[in-house]
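First chain A sits with chain B, and in the next complex the same chain sits with chain C.
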Partner chain A sequence: MQYSTEELMIVAASKQLKNEEVVFVGTGLPMLACLVAKATHAPNLYMLFESGIIDPKPVHLPKGVGDFKLLKGATKSTSLNYVLSLLQGGFIDVGFLGAAEVDQYGNINTTFIGGTYENPKLRLPGSGGANDIASNAKRTLVIMPHQKRKFKKNLSYLTTPGHLQGGESRYEAGLKGGGPSRIITDKAILDFEPTSKKMRVNALHPGVTIEEVQELTEFELVIPADIPTTLTPTDTELTLIRNIDKEGVYINKK
Partner chain B sequence: MLKKRSKVVSLEQAISNIKDGSSVAIGGHTFRRHPMALVYEIIRQKKKGLKLLGWNNANDMDILVGTGCAESIETSYVGMSMFGLANHFRKAVENGRIKVNEHSETTAIDMFRAGSLGLDFMPTKASLGSDIIRTNPRIKEIECPFTQQKYAAVKAADVDVAIIHAHFSDEYGNIGLDRNRLMENEMDALIAKSAKKVIVSVEQIVNEEFVKNNAHLTFVPGIYVHSVVEAPYGAHPTACDSRYDYDLNHLEEYHNATKESNSFIEYLNKYVYGAKDHYDYLDKIGLQNLKKIKRPEVIVYG
Partner chain C sequence: MGSVTNKFLTLDKAVSLIKSNSSITFSGFAHSVTPLAFIREMIRQKIKNLHLIGIGEAWAVDMLAGANMLSKVSLSNFMFEGYGRCKNFSRRVENGSIEIEDFSHFAQISRFAASAIGVPFLPIRSLLGTDVESSNHGKTSKIECPFTNETLLAVAAVKPDYAVIHAHRADRNGNVQLFGNSTSIDEQIRGSKTVFVTVEEIVAEEEISKYSEVNTLPAFLVDYVVEVPYGAHPTGMYRYYSEDFDHIDYYMDACKTEEGFNHYLKEFIFDLNNQWDYLQKVGIKKLHQLKADPYLGYQLGNKLVEED
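This part shows the complex of A and B:
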């Protein structure tokens, strides 16, 4: 079956999730990735939503944060305060993040771009729960488009901690969680070199070259000798995704 | 016996208690249960220099910035979710008209938590290593006296007035949420408890007997509530838990209106300045539109 890049990304993200893990998930592609994982290799994955909903079985996909459609089948509806406390308490295995800008250590900016903090050129909404997720989840997955203006040597503002300045700096800063483990883009999957914590190419999507990915990245990527190709979605996985989002809320938008 | 003082006042009276330059904490989050009727009245009364506090905000703060009521903002997020950036907030920050103190959700909630407990600060792990701790004077790094671990200390919020919206209250300001609610809501209670003065709008005023028979539904007791306003659909266009959903059409109308100053003035003239009170506002929204967002037929559990 023909697949879209988004569908490839959803399946790639779903494969990062293990059965019985507790995932702090946002709406959009991360939620689809969780639902695919639950329908395939991780049936007992627990989804927690920022708005305070635990382990739902949504029938209709929500359009944004705080959408009550997510309550369907949930085992607990609580508050954001409660799920944030679960993060800090160390109960969350995986957190999903998006990014306006990312640097080579997986630090994220969603506050402003260009200019100074007092007089930014483009002001963005801010952290929301992203800093909390990145500070405290055992590991995080970042999903974002691969563009040179987003993969930056220097961030305008470090809203959300990745591996900070690399090496042991994240641990030394006093952060509890383990930081980003994968960045999934429309071109590749990236991980972090274990010692330096510099961003490394983990897999390339079908038809994408390493030159292309480096060209779309402002900083120098760690490039291993052998780079696998990202697994393409199977017919079963594609059918699953299209069934889950049959109303076209996130993919094949209507 | 001296009769207890009723705390029920008109919308106009309630907001007249807010002085220019006050710090005002806004309840609710994202597109949920912001006290919009109170916010619109702040705009009608042309308050100036307000220092706005919250923990995750949207059209509530954006419209206060756009109408020149706000001087500074402290929260973790000001955005219009699926519609995009909050236009007034964005422009005001870009041209230096308002000052922002940046937070994560945890640090924003912790300033209210500390305030609600009467403590000077609250320790947290959030914001360590980020520019949030470097740019927000309310957050400083400290060392745990027991483990020598690093922590961020968030200084208690100094809130003059908290404005929140809830389901019901008796006339003495005992504020309750419906038994059949979709979600919990401790944060509004923390925001209220951290403030010197609490102004609450509710969907309906109930009799004292109802509160006494359902005392476990009271989430903000009247002992620290200053005034109560009856404002059905008082969170519109944001959602009010089990009562009604968010009005996406209206939120989009607002968002589109904020793209240009002419269309924003038109919006204000229609819905805010042009509405003499909350009931006039509801007339302009129209019963048909309000019926569309009413639960339970819209969603209740998906």
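This part shows the complex of A and C:
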């Protein structure tokens, strides 16, 4: 079956999740990745949402983390404070993040672009739960488009911690969580070199070259000798995704 | 605090108690539980120069910013789920007319929680090593734990003058019930000086205690109650009515430009006298279409009544 890049990314993200892990989920592709994981290799994955909803079994695909459809089948409906406290308590294995800008250590900006903090050229939504997720989850997964204006040498503002200045700097700052483990883009999967914590190419999507990925990245990527190709989605996975999002809420929008 | 006898107010009277140059926080998460009838009346009464202290109430901040009523905003995140940036709010920040302070969700809710439990700060483990640690006019400070010597971040308590919450129902004493997830409401009401709650309906006290397992705000935490059916429209109320996405689409289109939003304000606020006129304008057919299915708690949009 033919697949879209988004479908490839959803499957790639779902494979990063293990059964019985506790996942802090956001709207969009992360929600689909979790639902795919639950329907395949990770049936006992726990999904948590910052709106205060824990472990839902929605019968209709929610349009966002604030959608009442998420309350269906939830084992606990509680508060923002409770679920964010779970992060700080160390109960969350994986957190999903998005980014307007990312740097070579996986630090993220979602606050403003251009100008100054007081007079920004473009004001963005702000941290929300992202800083809390990135500070405290055991690991995080970032999903974002691969563009030169987004993969930046210098961020306008550091909203959400990645590996900070690399090396041991994250630990030295007092952060308990493990930081970003993978960045999944429309071109590649990236990870971080274990010592320097610099961004490294982990896999290239089918048909994408390493030159193309470096060209779309402002800073220099760590490029290993052998780079595998991202696994393509199986027919079963594609059927599953299209069944979960049959109305085109997030993908193949109508 | 209002006593039981004067706890119940009309919407215009309740809103008239909100003073210009004060600080305020609102319920609201994504496209739900936002006290928008109260906010529309605030815009009608032209209350000015407010400091909004928010967590996720995108609709509240965007409407008030668009109506030029905010001078300062402390926030963790404002975006319209599924639509993106809050255009009115962003425009006012970008032209320098709103001063901002950024936090994360947990930092901001911890500031309310500190106030709620009567301590001047709470220690957290977020924001360390980032620019958010220093974007808030000194309301966070790195501290060393006196017991373990660990580095933590102290976040200062915040106590807004007013919290305005929309909930499902209240009894005649002012006990308030909210169905579904409570988002930030428990901390907001305990952390604010004066609490206004608008509710969909007033019910008998026995009805509230019959469902005491439901999230309840005890009457002694609530200062004023206003009965406002469809008080969250166009946002939704779990088990009562779904979000009005036709109206939401219309709003998102309107707020792309200053002129567009001014037209929206005229059409849905200034040209109307009150919430009843507003509901007339929305129309009984639309309100019926939004009514939640009692099993699901939301509306799938498959009611038999056709769209106009």
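As a convention for this text, the second predicted complex is superposed on the first by the 253 of 254 C-alpha atoms of A that agree within 3 Å, B and C clash if a C-alpha of one lies under 4 Å from a C-alpha of the other, contacts with A are read in each partner's own complex, and residues count from 1 in each chain.
Note that a residue touches a chain if its C-beta (ideal position, glycine included) is under 8 Å from a C-beta of that chain, and two chains touch if they have at least 3 such contacts.
Everything numeric in this text was worked out from a predicted model, so none of it was measured.
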Label the relationship between chain B and chain C on chain A in the superposed model as either fit or clash. clash
When the two structures are overlaid on chain A, which partner does A:117 contact: first (chain B), second (chain C), both, or neither? both
Thinking of the overlay built on chain A, is A:81 touched by chain B (first), by chain C (second), by both, or by neither? both
Going by the contact rule set out at the top, does A:58 touch chain B (first), chain C (second), both, or neither? first
Identify the partner contact of A:192: answer first if only chain B is touched, second if only chain C is, both if each is, neither if none is. neither
First (chain B), second (chain C), both or neither: which does A:135 touch? both
On chain A, the residue positions that both chain B and chain C contact, one per complex: 51-53, 59-60, 63-66, 68-69, 71-72, 77-81, 84, 87-88, 111, 115, 117-132, 135-136, 157-161, 164, 169-170, 173-176
Listed in rising order, chain A residues that touch chain C in their complex are 27, 50-53, 59-60, 63-69, 71-72, 77-81, 84-85, 87-88, 107, 111, 115, 117-132, 135-136, 157-161, 164, 169-170, 173-176
What does chain C use to touch chain A in their complex? 29-32, 55-56, 75-79, 81-82, 85-86, 89-90, 93-94, 96, 99-100, 102-107, 109-110, 113, 124-132, 135, 150-152, 180-187, 236, 238-239, 242, 292, 296-298, 300
Interfacial residue positions of chain B with respect to chain A in the complex: 29-32, 56, 75-79, 81-82, 85-86, 89-90, 93-96, 99-100, 102-107, 109, 124-132, 135, 141, 149-151, 182-187, 190, 239, 245-246, 248, 299, 301-302
Counting only contacts in the complex, chain A reaches chain B at residues 51-53, 56, 58-60, 63-66, 68-73, 77-82, 84, 87-88, 111-112, 115, 117-132, 135-136, 157-161, 164, 169-170, 173-176
